[in-house]
């Protein structure tokens, strides 16, 4: 089955991202395909390569990266909503350049794109599951 | 349909709202702080009817995290993350009461 | 692409959190995808449609006006919980008069908002292929 | 004491909890989505007694944002941000029911 | 520095959100400041003290064990709402047996947790200089 | 009067930071002193210099910076909790260097420090007001 996931909250503050990760891992283990994980609202903060959790705690960002969710073209299907990301200070190189910011913080296992990717995930997938607060 | 509820019925109105919108063939899965509603307490009557019909599930890992496994009401079925995936597959559209 | 039934489930008041605004942003994009789009407003979500919102004093913009534009994109199925309105001392008269023009009926202007009971909402929800919660 | 409540009493239990912990000399200020509890509705009885005693305030700017200024219950006093500051000064320790 | 009465107000269940953990992190730091520290646990906050928490399956660490260390730092005023416990079908027996040693009583081991009524909690709260909400 | 503020939520997702800003502005206008604003939990995300809101929306980060809240030594008293910041990917130059990250995102009107600064704010101020979700 093709499953997509929407995540509405950032790492650590709420359990949403942790639960979604455990769910995605279990789905993959059962042979399902994770078509796309779409990070919306504060969920965009799950894509920060600056994240440094305490050594005895889980690393939510690396957990997602470790699932290695990509499409047939090899692009990451961990997709961060661009509108939500910009207002929350999540930038890739392209957006940083366009906006004259010296720096960027999106982890390379993720990519920034538009809200259409969420709708498309709903259309293309057999199931869409939302995790939030 | 599969309805997921991730908040305590003591803190939020999401379980109540879910119960207002669930049809006769759908089931509920309690996750995260939602598992508090799986324990025997003053709010247990909210789910008692559906639980008797075998339509209420709770995520084992979240129950264990909160130390309330001995408190879970009869007839509430415990599933792990793999069981969560199975419910998503079996019951069609998922509605998240976030 | 195939056509699916998409439900946008709105349960939060506007301004206290961003969910209402960012839900509306998705709906605007959804208009381009030629799917069957419904919006439901239950619990405090009914406040998103209240007429006369003025968030100037809290330093935010009044995004509620955007709801008026959705009719032009064939997004005209707004289901509002009758019980949620009543509990909050609100009625249809307190909501924005959202309309759309029906191409198949000589462009007659018709209301987009339907106040429905929880029983009706349950039925509508059960027919959806995808439900996005905000 | 000044107790602030920033969530709707329909969505969360924070107003209820605040009312369980307020003493005879303290006041409540409703802010953000908390102002929904200032409107006449099914939950109005929760605050009616304290409002009659003049001990319930609501933030005007938040009331206006939500378009419910015509719905605010009698006896609930409206204040602006400057009035919020005055309440903090006047009533000593502030308790936030977040 | 002057001594003030600090209340840490805990109303959320652990793990579903970070508030419980990050509240505990503040309390640990507070121990170094020689202030009069109280903790209250009301609503779902009482679950923070439940014995036998095991969050291994959700991929988190069991921070509840840290509560045992607070007695050694003279943080021993844990007020738990009796009504909140009862509503949730819980009693003192379900909570971790947190203790401290009373220097003024030949280092006798004494319980840190006091189950109190909402009326008592109201009085304790009214005596505080600073209230930090989590 | 000396007032301190604790903020538990990030910008945009919740109104907490907006309300706290309006409150702080009103307090300053009335002649009170804002002793310190302490950003905790997701509140640390209010300090990101990468934040790019839509042009017709408020800029929450710049709003805070505009209040120019400093102590007698000229240091910013917009203080970001270091422990909360690191696990959420908020870094200043020092923390980035210590952790081998090439980049940082703390706005110069803010500074990173420890939780003791929150306790100290409670002790030194006449009032501490908490804003959260």
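Every chain is named by a letter (A, B, C, D, E and F) in the order it is written, and numbering of its residues begins at 1.
Here is the rule we use: a contact is a pair of C-beta atoms (placed from the backbone, for glycine too) under 8 Å apart; a residue touches a chain by one contact, two chains touch by 3 or more.
Everything quoted here is computed from the prediction, not taken from an experiment.
Greatest centre-to-centre distance from chain B is found for F, with centres as Cα means.
Least-squares overlay of CA atoms from chain A onto chain F yields a rotation of 180° to the nearest 5. Chain D and chain E have centres, each the mean of its CA atoms, that are 27 Å apart. Spacing of chain A relative to chain B, judged by their CA centroids, is 26 angstrom.
Chain contacts: chain A has residues 8, 12-13, 15, 19, 22, 41, 57, 83, 128, 130, 132-133 touching two or more partner chains.
Contact with two or more other chains is made by residues 15-18, 43, 58, 60, 129-131, 133-134 of chain C. For chain B, residues that reach two or more other chains under the stated contact definition are 6, 10-11, 13, 32-33, 61, 80, 93-94, 96, 98.
You'll find the chains touch as A-B, A-C, A-E, A-F, B-C, B-D, B-E, C-D, C-F, D-E, D-F, E-F. Looking at the complex, you find that chain D touches chain B at residues 10-13. Of all residues in chain B, those touching chain C in their complex are 1, 13-14, 17, 20-23, 25-26, 93-98. Residues 1-2, 4, 6, 18-19, 22, 25-26, 29-30, 32-33, 35, 129-134 of chain E are the ones touching chain F in the complex.
Contacts from chain D toward chain F in the complex involve residues 4, 6, 31-33, 61, 80-82, 84-86, 88-89, 92-94, 96, 98.
Per the touch definition, chain F reaches chain D in the complex via residues 1, 3, 8, 15-16, 19, 22-23, 25-27, 29-30, 32, 127-133.
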